[in-house]
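Below is one structure, written out as structure tokens, with a few remarks after it.
The chains carry the letters A, B, C and D, assigned in the order they are written, with residues numbered from 1 in each.
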Amino acid sequence: MAILIDNNTKTIVQGITGANAALHTKLMLEYGTKIVGGVTPGKGGQRVEGVPVYDTVAQCLKEHPDATVSSIWVPARFAKEAILEAIDAGIKVVVVITERIPIHDMLYVREKAKEKGVTVIGGNTPGVISPGKCLVGMLPKIAFQPGRVGTVARSGAVTYYIANSLNLAGLGESTSVGLGGDPILGSNFEDILKLFEQDPETDAIVMAGEIGGVYEELAAPYIKQMKKPVIAYITGKSAPQGKRLGHAGAIIEGNMGTADSKIEALKNNGALIAETLSEIPVLVKKALRIG
Amino acid sequence: MAILIDNNTKTIVQGITGANAALHTKLMLEYGTKIVGGVTPGKGGQRVEGVPVYDTVAQCLKEHPDATVSSIWVPARFAKEAILEAIDAGIKVVVVITERIPIHDMLYVREKAKEKGVTVIGGNTPGVISPGKCLVGMLPKIAFQPGRVGTVARSGAVTYYIANSLNLAGLGESTSVGLGGDPILGSNFEDILKLFEQDPETDAIVMAGEIGGVYEELAAPYIKQMKKPVIAYITGKSAPQGKRLGHAGAIIEGNMGTADSKIEALKNNGALIAETLSEIPVLVKKALRIG
Amino acid sequence: MRLYEFEGKMLFKRKKIPVPEGVVIDKDTISELDKVFYPVVIKAQVFAGGRGKAGIIQFAQNRLEAEKKIIELLGKKHGPFVIEKVLVERKLDIEQELYIAALIDRIAHKPLLMLCLQGGVDIEEIAKANPGAIRKYYFNAGEKLFEFQAKRIAGELGFSSDLFSGVANVIFNLYNLFIDYECKLAEINPLVITKDRKVFALDAKVDLDEDAMFRHPDLREMGIVARNEIGELTEREKIAKAAGIPYADVDPEGDIGVFPGGAGFGIAALDLITHYGGRPSNFMDSGGAPTQEKLKAMLGLLMDNPKVKVIFGARFGGISRCDDWAKAVVQYILENKPQKPMIMRMAGNMEEEGRKIFEEAKKEHPELFKNIKIYAYDTPIEEVIKEAIRVAKETT
Amino acid sequence: MRLYEFEGKMLFKRKKIPVPEGVVIDKDTISELDKVFYPVVIKAQVFAGGRGKAGIIQFAQNRLEAEKKIIELLGKKHGPFVIEKVLVERKLDIEQELYIAALIDRIAHKPLLMLCLQGGVDIEEIAKANPGAIRKYYFNAGEKLFEFQAKRIAGELGFSSDLFSGVANVIFNLYNLFIDYECKLAEINPLVITKDRKVFALDAKVDLDEDAMFRHPDLREMGIVARNEIGELTEREKIAKAAGIPYADVDPEGDIGVFPGGAGFGIAALDLITHYGGRPSNFMDSGGAPTQEKLKAMLGLLMDNPKVKVIFGARFGGISRCDDWAKAVVQYILENKPQKPMIMRMAGNMEEEGRKIFEEAKKEHPELFKNIKIYAYDTPIEEVIKEAIRVAKETT
């Protein structure tokens, strides 16, 4: 099964005629991802890497009603509309590659997605991969191998290095999810951990967070309830502290947001803490009593 | 019982410190209406005709949780906010005296009222009276007598003349409802007819419409289903035709909107048509087999 | 409040709805014709429909022809309207005509967007013959359209991609113009596609909500202000308008001047007088709570009408108080000493106070009030009307 | 993007939130002091908090005293910030201090309005000691407040009627400013009630969403543009900033220059180098898909740092392609012929193409590439880091 995307997933690409989207459409197709259509308003009827382009998501889904996943590659100022269009048309998983989406736009999109039961990943995510089955986004295929470890990370490159590290140690990934680098995300750690906990093809989960934000701390209570082991890798201990959001930020978020606060919250709730990338596969194996 | 308001109704007055509202607060109190509070922002703590004034409807209802009806006397540009405030605070019947409320405001208010199950009467209504029990608005008490005929009319003065005409013929009213003169109303004929049909204290209903709009025609199909007799009085046969709303109006509304179209629709659905005011009590008596 | 086509197109331009290049010309600005590219279409700016059939939309190949035709049009009458302005626009090569309108559906009580792939003068016939040809989209009150919704609708209409963005743009901007300016109607008929595959609003029909205009001061800045939507007024109607009184002559030979309360009974009174064989001269509306000055001006209008033999007056005091009414009527009588009989009825709020005002005035000036009767609650209004009719017939 | 107090108050004025009369003064505009009513408060315009305790909020009874104190303040340092401007405001007689803020609650993922009847410098302590003292109201994203909601909230706070409208007005306008300008935060601490029962925003803390500023061109017109929120920069940081490179010196003695991909691994690399006993010199972020020029400027920054002995580079090609990266690095080397060793790793999208670029360049200019190592997918990144540390220690 994996989570979010698998062998049978049919996907579409919004903003497919952009240079980056076109390149990664090619790479996704090469990987075996089933891209049934692309969308760029006013470019309907064209083809990109053989994929038919439509003016709207609705027109695309009319021709390809089995498509359930869309990736969003449009410029930031159009991202809100593009995501809403996907949700409105009936897409179930929206993977938002676009970065630096205005915060209030993303809050609005989150509300609408929730109302319709749609999963939004990102913005500023490198995408999602279920190795050997499906790749949605721009993750480099070389970093991933099929296996039974789920991974979820805020940073794109960290996602790749973790998989790389697992693979060099003989492990592989069920699914790797890029949570995204924007300040307000469609899904947070807890959302993805819940999917992995339910996934019969995942045995353990690696989550990688970093200084800033509150998503790591918010996931901690759920980790306590999980049956599967969670290995956490938190970066930013050596980084300078970020700026604070006035008194209001302190009132709402208390002491969250530092590498230490995150590590402590996760450790106290049963996560295994990896100090380095190479320690990650060691802890996974230990938790799963492998080798 | 009557409809909308009765002996036990507790009401509040929004905009109570305005000259008109203050005068009619006095007249309503004299009539016996139980006005428990008034609202004018920034004037909380004052009294008008002995009625305590609050800054907000919420504060007023906190002190008088049994109030269920509010009348709105604020200037048109504040009416939307005042009605929404009443709905938000838990008022169940909002009687909107204010006239010339912007149409889009009123559409919005209608939607919110519907969501919350609130009845809005007006705008531009003279109010509602259940003679001998309760008066909310500015209807002249002399026009009304207790009885078993329900009346509902778009025009204020026509409401008074109808009751006057009924009373001079020895009949009286269970409740008289001013539907309101604004183009988009909180309640239409059908809404009020349904209440009268359910009311054990109402035997027959007089409805008075006039040239323009579609509310009379829209009520016709319901009249066909009613058990109680409906006497309709439609004015405007001698009036010049009003302007049309482009092609769009014609496409949506077809031939509705003339005195003849209204009379025909009502007659074809079983309403008795009164040609004059004095014919109204004659038809009521005939329908009820009185005298 | 209906806008002229050229005003509607000013709003369209603001909201990025493409309209043909054009200039507005009246008798003082004919030199503007130098700015136009020929051939042109010349469109009389009047509210009445059917301009094409009436010959007040014309074409011209060059400046000379245009000028000649414009001079013929200006000052000409179309129904009750005098043509004061024409809109001169570059003539387009039209391939297809569409219909699009955003309006308030008074039946559904919702904002509605309507589109039809066939537009033009026969749209109402099309709608009747084939209701399915009209696509309808309802939206929540006050909410603007998202771009994706406009695109989805454009997609559903099935345009080829070269037209898709142009049509989606018009849908998006027309609907949001309708919301932003709180219109009753914003209609483009026809919206055209030219032979070179561009989209233009060929006509513009915008109807604003007068009661919402206080929120849109930019309209006034654009020169969009209250106008005469009825057409030519009678002299009396002009006087009434200047005094802010909703007034209409309904029968030039009418001998009963109608001095009612609000518009609702004003309309009923016309029916009743007619029903009982009288001839009402006018419709009139005193509005909510009229001032003394306004009430006096209303009476003056009727008294000054030589055809009017008797005044029928009625006040059922609700928000308008009987005492205020009585004060105004008495003052008018004292100041103007009118000769025409007045048959009136007064009941309702502050009735007693009003009656006292009449009685005291009558006591002091009995001769001025000898033809003036003020009935009360217990005389049916129709008896009062009948008496007014009788008096009118008796008066020579 | 944080605004200075005086900028926040410019926005407040636009949105009809009352602020004390005042003028902004820098070293060239001291004559503005003539326009003020004394006594005044003089507030240094810097981002760091704790201005009161640091003595950079001062009072003055007259112009002479004000001028003297302002001259003392200007140019003074507060934390990493140099005081360049002061805001001089009429001193108010304060009766009560409140707290109000509209912000994005990143935990609830909703816009939040927070109020407290006790405001001032101790608000965080109050919130900790008595969480119930902070009233919280959540709203839907993007929706503005209705007036009635602001009034209801003001009513719930229990103000007497003379203050009710003033407080409701601030609630309404502050929240709608927050929505209209797409703020992360709009905070007034304290909001004060004066002895003569008026309401004023005594401070203003507004934090804008940089990514939404394209929708608010009026900010630029008001002179609100990108600023240095970190305080004094090192010379190298200034160069980086001018080149548009997110860069920070992290260790003045650091001998490993970090040339990573995005910010995420940039942070991880600092931890890993530190973990294995090395000293990273810097944080750096190449951003989404950097241009050749930017990549070259990044390398230059590290090469020009005399403390840096070795460059640690890493590219895991996702949206940033390995071939683009390779091209830039090779060009830099050919153009600048650097002597410092570079220990790097390259993997991911377009890796093969990238490797070819390196190989060809090395074939042509073997001497330039003798200290340059490019590892691939099969060497763990930490081995590369360890080698960089080793090389740094070996290099004198």
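One rule holds in what follows: a residue touches a chain if its C-beta (ideal position, glycine included) is under 8 Å from a C-beta of that chain, and two chains touch if they have at least 3 such contacts.
It should be emphasised that the depicted structure is a prediction, and the values quoted were computed from it without experimental measurement.
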Pair joined by the larger number of C-beta contacts - A-D, A-C: A-D
Centre distance in Å when chain A and chain D are each reduced to the mean of their C-alpha atoms: 26
Distance between chain centroids, defined by C-alpha means - chain A, chain B (Å): 57
Inter-centroid spacing, chain C versus chain A (mean Cα positions, whole Å): 58
Junction residues of chain C, two or more chains touched: none
Junction residues of chain B, two or more chains touched: none
Arrangement of touching chains [line / ring / star / complete / other]: ring
Each pair of chains that touches, named by its two labels: A-C, A-D, B-C, B-D
Interface residues, chain A side, partner chain D - complex: 20, 24, 27, 76-77, 97, 99-105, 107-108, 110-111, 126, 138-140, 142-143, 153-158, 160-161, 164-165, 168, 181, 183-184, 210-211, 213-214, 218, 235-240, 243, 245-253, 275-278
Touching residues on chain C, where the partner in the complex is chain A: 146-149, 151-152, 154-156, 160-162, 164-165, 168
Partner chain D, residues of chain B touching it in the complex: 41-46, 54-59, 81-82, 84-85, 88-89
Touching residues (chain side chain C, partner chain B) in the complex: 2, 47, 99, 101, 103-107, 109-112, 114, 123-124, 127, 134, 140-142, 179, 182, 184-185, 187, 189, 205, 207, 209-212, 214-215, 229, 248, 250, 260-265, 267-268, 270-275, 280, 283, 288-289, 314, 316-319, 321, 347-349, 351, 377-378, 380-382
